[in-house]
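Take a look at the structures listed below.
Consider the two complexes below, in which chain A is the common component and chain B and chain C are the respective partners.
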Partner chain A sequence: MNESTVPVFSVLDVEKRFLLRKGRGGPVELRALDGVRLDIEAGSSVALVGESGSGKSTLVRMLLGLDRPGEGRVLYDGIDLQQVLARDRSRFAREVAFVYQDARGSMNPRFTIGEIIGEPMRVHRLHPAQDIPRRVALLLERVGLPASVAVRYPHQLSGGQVRRVAVARALAQEPRVIMADEAVAGLDVSVQASLLNLLRELVAELKVTLVFVTHDLGVASYLCNRIAVMYLGRILETGPVDSILQGPAHPYTRGLLESFPRFDRPLRAPLRGEIPSPVDLPAGCRFASRCPCVQPQCTEADPVARALDGRRLVACLFPLSGEVAAA
Partner chain B sequence: MDHPAVAEEDVPLLSLQAFSLARGKVDVLDNVAFELGRGQTIGLIGESGAGKSTIALAIIGLLRPPEVALRGSIRFDGVELTGLAEAQYRQLRGNRIGLVFQDATAALNPCFTVGAQLAEPLSRHLGLRGNERRQRSIELLESVGIGEAALRLDAFPHELSGGMQQRVMIAMALACDPQLLIADEPTSALDVTIQAQIMELILERVRARSASAIFVLHDLALAAQVCDRVVVLYAGQVVEVAPAGELFAAPRHPYTRALRACSIELGQEQVLAPIPGSVPGLEDLPAGCRFAPRCDRASAQCAQTPPLVSDGIRSVACWHA
Partner chain C sequence: MPMATRRSALAEGWSAVWAQRSARWGMGIVLAYVLAALFAPWLATHDPVHQAVEASMQPPSAAHWLGTDSFGQDIYSRLLYGARLALAIGFGSVLLGMVAGVALGLLAGLAGGRTEWAIMRVVDGLLAFPELILAMAFLAVLGPGVDNLVYALALSFVGPFARTVRSDVLQVRAQPYVEAARLMGVPMREIVVRHVLLNVAPGIVVQAGIRVSIAILLESGLSFLGVGVAPPTPDWGLMIAEGRAFITMAPWIAGIPGVALAILLVALNLLADGLRDALDPRSGEAR
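This part shows the complex of A and B:
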């Protein structure tokens, strides 16, 4: 295989179960990830989209090597991630940066912003100590903050500014891959818009690979070129943003799209019922209980992801559009 | 129930006039004015600090002197609300004005079952007891789409999902057939598919009773979908009021236009245009139009507060609109 076609990350049928010590009949098993397959190509920007409890954050923890899959494997550059970590953990940590959901909580309150952004450079010995303040100033400028912020502490900054610092800290380690978990959630629209614009520019300019976890399809479509739609621990559909927006193949994706508030359409609630509990997954397709197109077979067989149109994967027995490749 | 006789059809159900609310020397709400007709839904939108929730809390008397100072008027069904005593507010809250809060987990009491909490307004305001009250509770839960309602009465809030808790709160808010429902970000803690279900449910229930509703929302597109009229607030001032469709199709106030331009849409192709600067803190509110320092059309005139000028359908507070 050609070197350049090996994905940065390959997730191969990863499964992760957690035991919850509650319930009357002893411990209960929660399947956080179940048969997850995903390739993340170098230079792409992939959004992991899904509702709460769909397994987005657990999948990111697997990709970061913070948690081991129960079954299946995660490959980094085609090599098993556990091997990569055993060989050179600090190199992996330098190459893959993470932007936390709680930006302020991810910063040491006793460090100044300059120390926070400078730390990855010191830890990974990227620059001589005397160069670090200048580098920090450049990074602050790059994320749209005044250089004077360097001497301040996290609690002195606004929510939007703290998120920018988190991005600057990720850039400081000169990563190949940036992963971000709900990095723009809970912000006012204007602050969110400027942060999204910044991330878009950075991805285009630095050619980094972006893995972006979000519950917001609008954010996903604005920032990323591929979307993976998750539901109850499984990726139900993966594909390029445009083709997913224009012709969703999975009924759940269509439901998500139709539920998204829009200026040009009246309110519609296409899906009924509640998301089933992940400790009590239904037999067959996990979406069957809410699916508007459910067929009798759907409650029997659990559909695996199949290729569609060569560009997409869909885990549905009766996809809405496109031709399923022969198995 | 003792509805006053003045409730003519053409008198709006709720009207705020020159309403200001001050904490210390700061007018957190400055000269707020809007009307809500019978059977209408209105949305309050704006960024954090705009005063959306403050308005909701002031209407239901949860923000009152001496904690804050009030000027101007809030009239509900012909009755002046500012200056009412707590006992009189209690006759309104949960009875003629229903409330749905953003965080159902915090709003429901964790120590009481769903049934016990649902029973409270039914006993207090409607005088229902025993089996009759239980029957009514079951009907209410069913009306908000909760299955196995009789069993759910014995459940504690933590045993229900977020969407289910929100449904319980909606059932409580609707228990006494309120004329007005106030819903403060009723779905922002919920997933988008559940959000659509809950908003559809609230609208359907409100319309079935010909009641009116106030929605506090941060999502502009959602406001466009669920509100007849929208009030745009910025730092405690009303900047524009208009029918939802017209407001977003042709915003007149520069702030409304700016908000629209940074709201993301599905498949957004245009680059989002963030508003320069940030929302002012309460300590350093600018004199005159509070949006002026961030406004691309600001001039010397904007140091004077622009009046909210109405053409009968829309109102806008801008010297340059």
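This part shows the complex of A and C:
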């Protein structure tokens, strides 16, 4: 059995519906995830990119086992995640770390930073109790915070500092996989940049697998080597960062790239129209209402993800090809 | 390390209470009452239940510092022993009601489902009656007496404690840090103690502080109404009831225990407010 060929995570046609109780007419079904396929290879760094409401957080919660897929399966090391959790939850908890979007909210307000970072080491007995304060100081230094922060409380730190503490806590459990949901969103640009630099260094240095959720293509391409573009609960395109940036195969990806200013490319019109409601998905391609390349067939068949040039998956009936050849 | 940081958190909490002027007043006054109650046998000048009809209704004098009541009992001595009773019943009943209420509230909030439903129906039943009515009904069944008064008051506090603890638990449980702890592999038992209980504890402490003054007021009220402790026990409620008939002739008989009660209640409330502010992690020094 060759370990390296089994992805750390495999998402197999996962679907998640939420029942919303809305006024008259009974409950309404919201499809947060719909036929999601994704492989996350060991050592890769994958960015989940998409507009707000596209299902990124829901997908991450599935990967973490916080929510069960309605249909489809999530595999961890090739084994069904539910089975992994039933067998040894503690090992999975140690191997997969999560950095919350609400970093401050993810920390007990009555714990000092030292206790917060020390908790995973203590729980998983990674170090003898008397070594933990020293380890905490090392981790704080690693994420660029002074050791004196250890005696402070979360509410005493700035937004950027709290995110660094969240990263330090993730590192404390010596994980194989780190997942982060919008870990740099809502910060000043300079704070964002320094946090991104830190994350990039850490990923390179520790060789962890990274799953990074962001709505910002620039952040995604800076930090990750693979991108998965989500739209209305489906991954529309997956592939290596450079080939996607140089030649997006899905019209939605191209739209995103165009609405995101780049020095080497003239700024073109951003995506037109509104995202349809996830409680009332259109028939056929979910992007058809905004797609500049829409064809009559697009409203009939719902395109599934298909392999393109061996390295990418694209969910479009008429993938863009011109630029792909050049890549 | 965790022990050391917890102790310093306690010390920090203490100094945060002390830093507030009104809380300092409250604490000082309550402390004075507690000392008076503890040392009542040494501080008292007379036997608090010794009746001397020939010396009844005397105004304050050298022999009777705060005067005497209609039975000739020394008011100063009765006041001291009354503080003993008031504080013992106040703290005792709150402690008892708190233990039961917190246990029920925690169980309901953590277990959910049918257990929660059943517990909360019982709690709703308890809460349907005002505290005074519930305690009176209980005393009517069991008869008067200090023990029964403590049980009656404790019972009347179970509902409020259980309800606030449950809602605090539900609120804390929904916090991302609880989910984060679970995700990190923190065992359930530890999550309950270190994450949930630690965060609902301040609310419990503050509520207990406020309830002590309610308990003392209810205790005096019930005795005043004649269903609490029985005479001649030195009790402020009884003293006020007894002096009520002579309020124009000998105002000190009802007035002195009334003022003593009022001062204690205000002091307890100041202290409880101070505790609440001190226990809020977001108050105190700014970032």
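Odds and ends about this structure:
Everything below uses one rule, namely that the second predicted complex is superposed on the first by the 310 of 327 C-alpha atoms of A that agree within 3 Å, B and C clash if a C-alpha of one lies under 4 Å from a C-alpha of the other, contacts with A are read in each partner's own complex, and residues count from 1 in each chain.
The working rule: a contact is a pair of C-beta atoms (placed from the backbone, for glycine too) under 8 Å apart; a residue touches a chain by one contact, two chains touch by 3 or more.
As the structure is a computational prediction, the values presented were derived from the model and not from experiment.
Once the two complexes are overlaid through chain A, chain B and chain C fit side by side, free of any clash as defined at the top of the document.
Angle at chain A between chain B and chain C, computed from CA centres in the superposed arrangement: 80 degrees, to the nearest 10. Within the superposed three-chain model, A:N197 lies in touch with chain B and out of touch with chain C [touch as defined at top]. Of the two partner chains placed by superposition, only chain C is touched by A:D102; chain B is not. Look at A:T112: by the touch rule set out above, it reaches chain C but stays clear of chain B. By the touch criterion stated above, A:L245 is placed in contact with chain B alone, chain C being left untouched. Judged by the touch definition given at the top, the superposed model places A:F260 against chain B, while chain C stays out of reach. After overlaying the two complexes on the shared chain, residue contacts for A:V219 are found with chain B alone; chain C is out of touch. When both complexes are overlaid on chain A, the residue A:S52 reaches chain B alone and has no touch with chain C.
Residue contacts after overlaying the shared chain place A:S158 against chain B and chain C alike.
Of all Cα pairs spanning chain B and chain C in the superposition, the closest are 11 Å apart.
Overlap of the chain B and chain C contact sets on chain A: residues 158.
Of all residues in chain C, only 1-2, 5, 9, 175-177, 179-181, 183-187, 190, 194-195, 198-199, 281-282, 285, 287 touch chain A in the complex they form.
Those residues of chain A that touch chain C in the shared complex are 64, 66, 89-90, 92-94, 97-98, 100, 102, 105-110, 112, 114-115, 118-120, 123-124, 129, 132-133, 151, 153, 155-158, 173.
Chain A meets chain B in the complex at residues 51-52, 158, 160, 188-194, 196-197, 215-219, 221-222, 241-242, 245, 255-263, 265-272, 274-275, 290.
Those residues of chain B that touch chain A in the complex are listed here as 47-48, 161-164, 191-197, 199-200, 203, 218-222, 224-226, 248, 258-259, 262-268, 271-275, 278-279.
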